[in-house]
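Chain lettering (A, B, C and D) follows the sequence in which the chains are written, and residue indices restart at 1 in each chain.
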């Protein structure tokens, strides 16, 4: 594993170069923020500010989420005339983030030629909540990283605590099968292997092995905490629809409140729309203020897609998205026969 | 809203009977249902048909809304592969249906609540047989309670 | 002396007694390991080892779904309002103070909101002074404090072995006298300890300059800081949903057969649809304007409208923002 | 106990009149079911009300009738969205709910003894109609000086309230100028935008207050013209539109700066608007 500070140095050089040579108009990365165990997205335009870029175990935000916004198609011809030319954007991407970008390119939301992909071989990102919880009653006042990639935190009584990286890794990272960006213009760090390629499948199969009643109970338990804030949708790079089904008023598909029926519909519809599109970055889980495992259903659906149609989202830039494609001999055992 | 089917009223009086909403494609399955009717093939009266242009038109949200509004089961039927009036609408739909059926199963909703099939315009008998099977299976499951919204 | 004390070992007994007269919400550990306010029918053992709850208690006075009107066959019916007295035990002073702000919107205005009013007048707040604020806390900068009693009927202060209890309103007085047999008079030493603990907590919080925010924000519509914060903002609404003072709502009609329910649900000014007109025109089309609205509303408009900041410094929006935008940093830039 | 402010008064659609050639503006005549509600509904021109259709929702509309027209309320509604489309589909006799009156009316105490300049454009003439009707009522007319109305629309067919306009033009206690952008062959009145007519008439700003309602573009140019004519910001009165839900200052949706359009507006002077952000 390449040390974070080396990647950080290299990242700053790359960003400074890209901006300085006018290869990009905007560079998206991460910067330090006020609280430990977090970083904030950085919208960088000045090459001399490149030293604000950081790379550490908490560079969690999937920056691809900003792309659909930056490349939003104009609403009409008049707007198209007034719109400034699309910027060229460089951005820092982990394995999962790269898959989001690829999927967005596949779905024609973002032009590949306007992007400079700075991939980082990702050692797995820490989960802010897990890290905070690991400190129990204490709060971190500052955090750093040791040479092994573990998180070191200074807590309120002044002592220093080491949190082992594996113990505070985000769930999505524990399940990650391709931490190194496959598609990139720059690659920082040494490519790393997947930690445990089976975790997602094991989790999904575990759910599947239970009887319907138990699965429903699990679904209810997981999602009844939902407060319908839409944070999962907003944080998701693949949720770019201009007019989301969930917001439509005519017909109003789903009530706005927290009746479990509406909560269930929301998450079923969203999970379905993510099937074969979710790049498993975990942005939804991180954004959820209630700590819900938002990926409970889509984790399984993505495996279905892989098993049935041999497709993994965001892995091939010229592939047709799985639900836009079909074959005459697609499996159809699920059909009812008289 | 006024265009919502009033399922409560259409249910047979007395003991609980399953209420099934069937989404049928205009070109094959609706004609198949029609043929079952004109051929006087008996099938259970528990079904309320919504005609759609093509099985490819069906958004899974339709099916969820039917369940939310009190349907005990949903049946979706389109043209057989290769017979789609729009060439490939049913083929694109087939992938969606396969995943959607799995999705409901993972959430713990009984798979028999939402069923998919193909019925051609000439298969009045097949249509009646499918309906019979769906109604029987849903009857065994009992009323849908999981997704129904009550005001 | 008004102050009473109860030993930590007797707090559960005290809560059980209160449960005889009201629905009691008290801090307890939930399934996920978080300490939250847990109410009936559960009566979990109280857990006082918490900094603050993930969710503010506002849902207990301003529920996330409130049926305003039911229409059955076209006839409008008003919903039946809850009758039961409710006691919120362990609410932090910041969250108790927030209820005073909600009161300004829903009670003091004309007309008063009958749904909020009913819940609020039947809700008693037993606030729990804060001895260990988080680094995201800044209540002392917005007029509150770790021992602030605004919005509380009873203020409890956690001491070494006891909980100090002080009635702050007549309602609180009556409540404490109804359980007088479980309480002892507080000693002067206990009072001193309470004061010291609160002061120590207050001293931990770094000041944020907001006292003149209304003035500073008056000419701040065109500052670059709005764009800087707005471009990071995902429009996720977490800040508003967790905020104890955010109260904007939507009203929608839900239909089931012949029954219609007109329901109000929480809403959020960070959403693009919040202000979009039927014509498609949107007065706040970009995240920049929406961020400006949120800050302006809390730190300027509310001051001009209600003579009160609409922020209690609980820091939930700071801790939970997926893009880690810190409202304190934004306010600081407005001051620059 | 005070009446629940979210509870609409039951009313009925008495009549629905198509106002324009495009047939997307209709005026609905509403009658309260309970005469007590009718007596209790005391409004002044400039105010608005929330119309309520169970299952569809609620939407705010300016009241187009004057309180001097008793027995009913008028609302002119353009079909733009979900609620208005539903409303347009309704037949006379259909029940409908009304909540209101809401908001501040035109400042009638300030208007006493003043000359009135009333400028409207398109389908925003609704509350201006109410104002004109109110001023022309025999019981009120002597309270005001001269009344000059300039009303413009895209085409003659898009002018609303044609019968009222004809009556007013036949009267000698009011001066009504109509203008259209695209006249047809029968059109004999002004051609062009309202500001052109305003520039030609050059009304004096002496002891005069201007009421202005119209689309944003019209407002923008009219404000410039009025300024040139010597109208102070304080003498120009506008009415704003905003997305609203509750209408009673609770839901936090319709604010422009620290003002709530529903309770502090919808009527504002230009002076008041200058202090607010351009979020409307």
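The rule is simple: contacts are C-beta pairs under 8 Å (C-beta built on N, C-alpha and C of every residue); 3 or more make two chains touch, one makes a residue touch a chain.
Model, not experiment: these values are computed from the prediction.
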*Counting C-beta pairs in contact, which comes out ahead: B-C or A-C?*
A-C
_Let me check something: if the centre of a chain is the mean of its CA atoms, which chain is farthest from chain B?_
D
*Would you kindly tell me how far, in whole Å, the mean C-alpha position of chain D lies from that of chain B?*
50
_Distance from the mean Cα position of chain C to that of chain A, given in whole angstrom_ = 31
*chain B to chain C: how many Å between their CA centres?*
47
*chain A and chain B, separation of their C-alpha mean positions in angstrom*: 36
*Among the residues of chain C, which are close enough to touch at least two other chains?*
250, 252, 254-255, 260
*Specify, in ascending order, the residues of chain D that touch 2 or more different other chains.*
55-56, 82
*Going through chain A residue by residue, note those that touch at least 2 other chains and give them in order.*
255, 259
*chain C contact footprint on chain B (complex, rising order)*: 1, 4, 6-9, 69-70, 149-151
*chain A touches which residues of chain C in the complex?*
31-34, 49, 51, 54-55, 64-65, 134-136, 228, 231-232, 234-238, 240-242, 250, 252, 254, 263, 265-266, 268, 271, 273, 318-320, 322-326, 328-329
_Which residues of chain A touch chain B once you look at their complex with the stated criterion?_
207-208, 212-219, 245, 251, 253, 255, 259, 261-262, 264-265, 268-269, 271-272, 275-276, 297, 300-301, 304-305, 308-309, 322-328, 330-332, 334-338
*Where on chain C is chain D touching in the complex?*
68-69, 71, 74, 76, 78, 105-106, 109, 111-114, 221, 247-253, 255, 260, 262, 264, 267, 269, 274-279, 283-284, 289, 292-293, 296-297, 300-301, 304-305
*asked:* Going by the contact rule set out above, which residues of chain C touch chain B in the complex?
replied: 70, 254-261
